[in-house]
Amino acid sequence: MNNQLREEKVFKDPVHNYVHVQDEIIWALINTSEFQRLRRIRQLGTSYLTFHGAEHSRFSHSLGVYEITRRIISQFERADYADWPKEERLVTLCAALLHDLGHGPFSHSIEQAFQMHHEDWTCKIVLGDTEVGEVLRRLGEDFPDKVAAVIRKDYEHPIVVNLVSSPLDADRMDYLLRDAYFTGVNYGTIDMDRILRMLRPFQGRIVVKESGMHAVEDYLMSRYQMYWQVYFHPVTRSSEIILRQIFRRAKELHESGHQFAFLPDPLPGLFKRDLTVQEYLLLDEALVQTAFMQWKRESDGLLSELCSRFLDRKLYKYVEVESLDLEMIDDIRVAFKDVGLNPDYDLEIDFPTDLPYDVFRPDGEFRDKHILLLDRQEQIREISEVSDIVRSISGLHRGKYHLYYPDNKIAPVIERLPEHIHEIFKQTT
Amino acid sequence: MNNQLREEKVFKDPVHNYVHVQDEIIWALINTSEFQRLRRIRQLGTSYLTFHGAEHSRFSHSLGVYEITRRIISQFERADYADWPKEERLVTLCAALLHDLGHGPFSHSIEQAFQMHHEDWTCKIVLGDTEVGEVLRRLGEDFPDKVAAVIRKDYEHPIVVNLVSSPLDADRMDYLLRDAYFTGVNYGTIDMDRILRMLRPFQGRIVVKESGMHAVEDYLMSRYQMYWQVYFHPVTRSSEIILRQIFRRAKELHESGHQFAFLPDPLPGLFKRDLTVQEYLLLDEALVQTAFMQWKRESDGLLSELCSRFLDRKLYKYVEVESLDLEMIDDIRVAFKDVGLNPDYDLEIDFPTDLPYDVFRPDGEFRDKHILLLDRQEQIREISEVSDIVRSISGLHRGKYHLYYPDNKIAPVIERLPEHIHEIFKQTT
Amino acid sequence: MNNQLREEKVFKDPVHNYVHVQDEIIWALINTSEFQRLRRIRQLGTSYLTFHGAEHSRFSHSLGVYEITRRIISQFERADYADWPKEERLVTLCAALLHDLGHGPFSHSIEQAFQMHHEDWTCKIVLGDTEVGEVLRRLGEDFPDKVAAVIRKDYEHPIVVNLVSSPLDADRMDYLLRDAYFTGVNYGTIDMDRILRMLRPFQGRIVVKESGMHAVEDYLMSRYQMYWQVYFHPVTRSSEIILRQIFRRAKELHESGHQFAFLPDPLPGLFKRDLTVQEYLLLDEALVQTAFMQWKRESDGLLSELCSRFLDRKLYKYVEVESLDLEMIDDIRVAFKDVGLNPDYDLEIDFPTDLPYDVFRPDGEFRDKHILLLDRQEQIREISEVSDIVRSISGLHRGKYHLYYPDNKIAPVIERLPEHIHEIFKQTT
Amino acid sequence: MNNQLREEKVFKDPVHNYVHVQDEIIWALINTSEFQRLRRIRQLGTSYLTFHGAEHSRFSHSLGVYEITRRIISQFERADYADWPKEERLVTLCAALLHDLGHGPFSHSIEQAFQMHHEDWTCKIVLGDTEVGEVLRRLGEDFPDKVAAVIRKDYEHPIVVNLVSSPLDADRMDYLLRDAYFTGVNYGTIDMDRILRMLRPFQGRIVVKESGMHAVEDYLMSRYQMYWQVYFHPVTRSSEIILRQIFRRAKELHESGHQFAFLPDPLPGLFKRDLTVQEYLLLDEALVQTAFMQWKRESDGLLSELCSRFLDRKLYKYVEVESLDLEMIDDIRVAFKDVGLNPDYDLEIDFPTDLPYDVFRPDGEFRDKHILLLDRQEQIREISEVSDIVRSISGLHRGKYHLYYPDNKIAPVIERLPEHIHEIFKQTT
């Protein structure tokens, strides 16, 4: 059963000024060990190696998402919109707060390396024998299921899913503002108050009043800029590549029977892709960094070198190429091998793509991908139908192929590479 | 030998907008493994448990101190002040950049627990067989000595020491601004540009033009507020206490021959207070947090409980008392023992003190502690002579005794404590 | 009768982000010609001649005061405090919005020159045959009286007066933030959200929860700094002096029968101190500046010179003197006359005083002057009893005598002044 | 002859923090009556009626443009670029400072009403018998000519013109930042420091290093948003329309021999379009507002009504129509006449257009309209060739026809308008 706190609690937050907690259940969730673990997972993974201010955690971000959601709902309640199901307030707030609970250390890289999905882990933690699960069950045996359903996007009330997860959701608004704040770039400054005022529940989804179109345009442009300036920054990509190579190499070694001097739980389980929820929760960035630090002294030269690269920020260099096909890639790999390089580790190819905002595609993805404007006549239109600027940036691809490589290994042999490959790597960054 | 970089490098910084690097030597120092290690040491220790935004590292702060110093010197050079020794530019910049290099994980607590001093370690790293040492020696065999002398405050040119370490130095200006930015409080916003414009080298020290008095007052008031609002926040103190208890307990166990399931290098050396520079450099907050995570499963109940408290933020509660004497403390300890509590761990006493700015005391500490104003007649006066407001806040003590204790252990036995002690602990926070 | 607006109206505001209008009556008041006239009266009088950004009007400030008051009341209503008389909401909001309605152009100077009080004019406009009066009467014949009573501070519910006018009222909070924003100084940045959260209605007045003490200290220190850095800036004082001299001279000329080439209504009435409300409302800074522009061509040399000085910012210089007595002043005046100067216009003396926060004086001024803290035991204490820092700055006088004079007139004769007077004026600023 | 000031002067500026003045000539220019007059001309004309914070003057803006230009040049000098003609520093700074000198009150409206061009007046003031002219001539008899040539864009060194007037010039950067700051919208926040660092003089023009492309994109998007959110706001357009109608009506009356009760110099000359420089300089917004205030009492009902509308902000309403042709306009005008309305004043049509950034058109406008990127190979490309996003927004037209009309006059007769016209005006805004 939920109670209001006797006195509201606040967290001082640099982005939203204060995060307000009014419900006992929210306060209890924040104080679980699973939620506190998010303090040891950075919001932006390895971006701190490019933008040194970006050291903020998923803990901060999760509080921010909760706070924005709270403000939206409280505005819906004040306006007393008939289309907002009031009884869904708590399940929405809990889902907002917990949506990132299952993130592992350096999420994207570790997920890729070990084929995991943080959303699955979030649901396992919410539903499992955990402190979070225990707290949620205080509101009813089926309450954890409801929260997990919202996170899995198959909750019975689509408007709740829509509020927690849509192109204009609290998650995206918080991360744009927060990542801009902590990196120090000013691309992400959006007029959140204005967007919030323009949101309305309408026929089972969240729509935007037409008069908010400009604010939404501004938000989409900010998002576009943040992707290219921050999230896809090539230096960050370079550090992610090294991270993935470390995980790959360690797994290879483990599978081949290598005896690590340092391999505390739950790392063996991670390598075998066999982790209980309790083991998974031991994974954090402190452990990963400590392992790397100890592995700098492992006997395997490649692993030790990669760990030094990551910890000491000796990243791979990169070159940009306009186009690249499989044949060409093969060519380079062969040439690398010929001069004694290891193309599995000494070459990585990256093609950053993003669709900052997808235009309408009538293929059933309606609720997820669109921002709907509500005009004065209560007609709904997708924003890209109405806004030239949104249509202009929709589906814009920018970005070229990037080849990443260890400069210090290529340099000594570069002259021996075939002319056309030599040509590519001779530019420096 | 120092060279200018072919092209200036910049770091995007949320506080100073950009950090500019123009010298090869500075660039090389930033890229050493010892300097990169500062990314794994938080600037504000455990404050992130009170202010969740305060996750910034000493790496960021060190770049900031360097940048402010660079701006001051470049202004001195532009104004072409005769009293500024131009040839000291690089030694000053290096000392500014490296002044925090020797900080360990959760500095203040670990230093207290193991009687270490970060300044000593900074000098050892600067002078030792390290990457930093190697880079510095490129500028001359005695260059590391010079940098270390500045850090130790016994460099032959006192003005350099004064610039790097004084009540109005780049260190303090950066941390006020940076800590305010990352915690989100607005007490620390100072008009740094104005203060910088008002600084002048004069007869072997840095003085402030009289017309900058108001800006300095504002700076001192900001500092005063930051101390009471952020640095001495009781929740932060509570987490520091637990941290110290963990270190204390682990050391006790180690000394008593306890076999830890998890005790990688350099922890045994730390417990024995016998660390080489190379071992010391393995210490970072990732390792400490990982050890705590593993120790949650140690057989010693006290250690394991304390580690949970720290990682899961189950901190001690506290009560404020107006006055406290040794006898009273003894009383409480005895009473605690009588009801089965362990006063060595279940009770900690804290008296926060601070002198945000000391008035002139004619006892030889002249250069370190004073802010000197230079009037139009080139007369120098200490600011507290001139400013009522500075005199007012100088030496102001605020703060009461705080008693910290584990609420869940006291609660069951509180009724059995003597009346006057019961009285103290019955208030909750 | 008051109605809610069908849809909330908002004003984009640089200080509060948005000003929200929910009541028809407030919307109607803002759209009266008397309220719109405030756009033509600057908030900070002549300060724009010192801080060029300070061009903001009383219109902006009045909206800001209304908005802060609205937020305070809405928080009182949310918390459902028994001590807040809910039925006073509208009278409070109207008084907050209109409290500056009677300000004339360059308020302080014109009030001094013509012995007027803006508060009287505010009440006359509120009660009179004006658009504002007409709108207020829609809420009842006695509604204008109520609003005027709040403004005059003799309303029957002291808590309403206390909310609109106290050392921690919406007026002061808005002007600190707004004046800091527009001048660009950063002394006035206070954590308004925190202060608002700490306010409580309690036994007929507004008190501050004890845990808000630091925020209040910060506010008082900001106020202290703003007084000395902005409000009492000597350059601003210099321009106010010239303004007062212009008014004085024009009045003298008018009284002596001078025929002005330019003297539109209501200037003759102003000179005679005989203005109806309708005439008073014609007074604004556009008129004053236009008169000055035209008077640059008046036959009276003194008036024409003073107008040029004001419009073209050729202000008086000033010197600071530590002490000054009547005899000395007389001395200087005589000396000035002796060398052919006119001491009535060529010399002005200024002693800036301010009490940023008065300590408790048990003389019946209780409600107006004190900031009361409410502790957990619901005991009330005056803040200066509790806070060392407040006690320290309370009653601090700073500031010296300033002598203002036309440099270009003194310079040619300075050598002929008696030695000790010569000495004073020879320093330049 | 130019001298450095003995001590740098600074202006506190909310946008650039400080404006630094180092040259006597700049200081002298700022202190002329012609430059001080800019304090009485608002930067954004009537926008303050939409955004109440937008009360900033052209004086502030001019200082800002000067400051940005100073920073650009000082960076060029530091980098010692061969392509920057160092001897042009002062002429560039003077042109930057003075470029808006000739603006009249409510510039755009008055220029339209009386067919004047502020640039012509700027040149007349610079070249004429004015304080500014006198100061400039101190640097040589031909110095005013040089400054005027830069302003007219036909100066012999095109790079100087390019710096002062181009799509990425100091003027545009200052107004974006300043207008965003004072209105309070956050669309205009650009990373000016980064753009400045990316500028380079190259072969007679200012180009941008390729690595600055994203910052330039962000700038162009900000500009795009500011146009649609602020500069073309329909409420602002409505107030401009009334302003133009007032000027039109007053001129008609004057030409028809109407005797105004209030018509001080230089208004008669303005109506006759026969003004000397000295008369022109008497025109400011104080005079215009004072005239309107007095004209509220003129016998001509239309003029008096329009003046009330402007001063009391009783603006015209508007409706949006998707398309409109001359025939339709004629239709409406006839219908208006039929029901007794005056289509010359009761109907105004507005089609906001803007090209936030024109793509390359090989028609000789090269230098003015393009932003050139310089790549590592020192090849130059126009930004719209390289940036998808710039190409996307280039030439985007948005905006519909707006019909403005006096609501109170249309309402009583609306039922009598033909059905299809009735249809248009029945929506309200």
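Chains here go by letter, A, B, C and D, matching the order in which they are written, and residues are numbered from 1 within each.
Just so it is clear, a contact is a pair of C-beta atoms (placed from the backbone, for glycine too) under 8 Å apart; a residue touches a chain by one contact, two chains touch by 3 or more.
Each chain and its UniProt protein: A, B, C, D = HD domain-containing protein.
This one's a predicted model, so the numbers in the text were calculated from it and none came from an experiment.
Contact tally for C-D versus B-C: the pair with more C-beta pairs in contact is C-D. Here the C-alpha atoms of chain B line up with those of chain D after a rotation of 180°, rounded in steps of 5. Inter-chain centre distance (chain B to chain D, centres taken as mean C-alpha positions): 51 Å.
Remark: chain B and chain C have CA centroids separated by 43 Å (rounded to whole angstrom).
Measuring from the averaged C-alpha position of chain C to that of chain D gives a distance of 32 Å. Among all residues of chain A, those that touch two or more other chains are 17, 185. Taken as a graph of touching chains, this assembly is fully connected, with contact between every pair of chains.
Put simply, chain C touches chain A in their complex at residues 10, 17-18, 193-194, 197. Interface residues of chain A, counted against chain B in their complex, comprise 11-15, 17, 31-33, 36-37, 39-40, 48, 51-53, 55-57, 59-60, 63, 181-185, 262, 264-265, 282, 284-290, 293-294, 308, 311-314.
For chain B in complex with chain C, the residues that touch the partner chain are 185-187, 189-191, 214, 217-218, 221, 224-225, 228-229, 388-389, 392-393, 396, 398.
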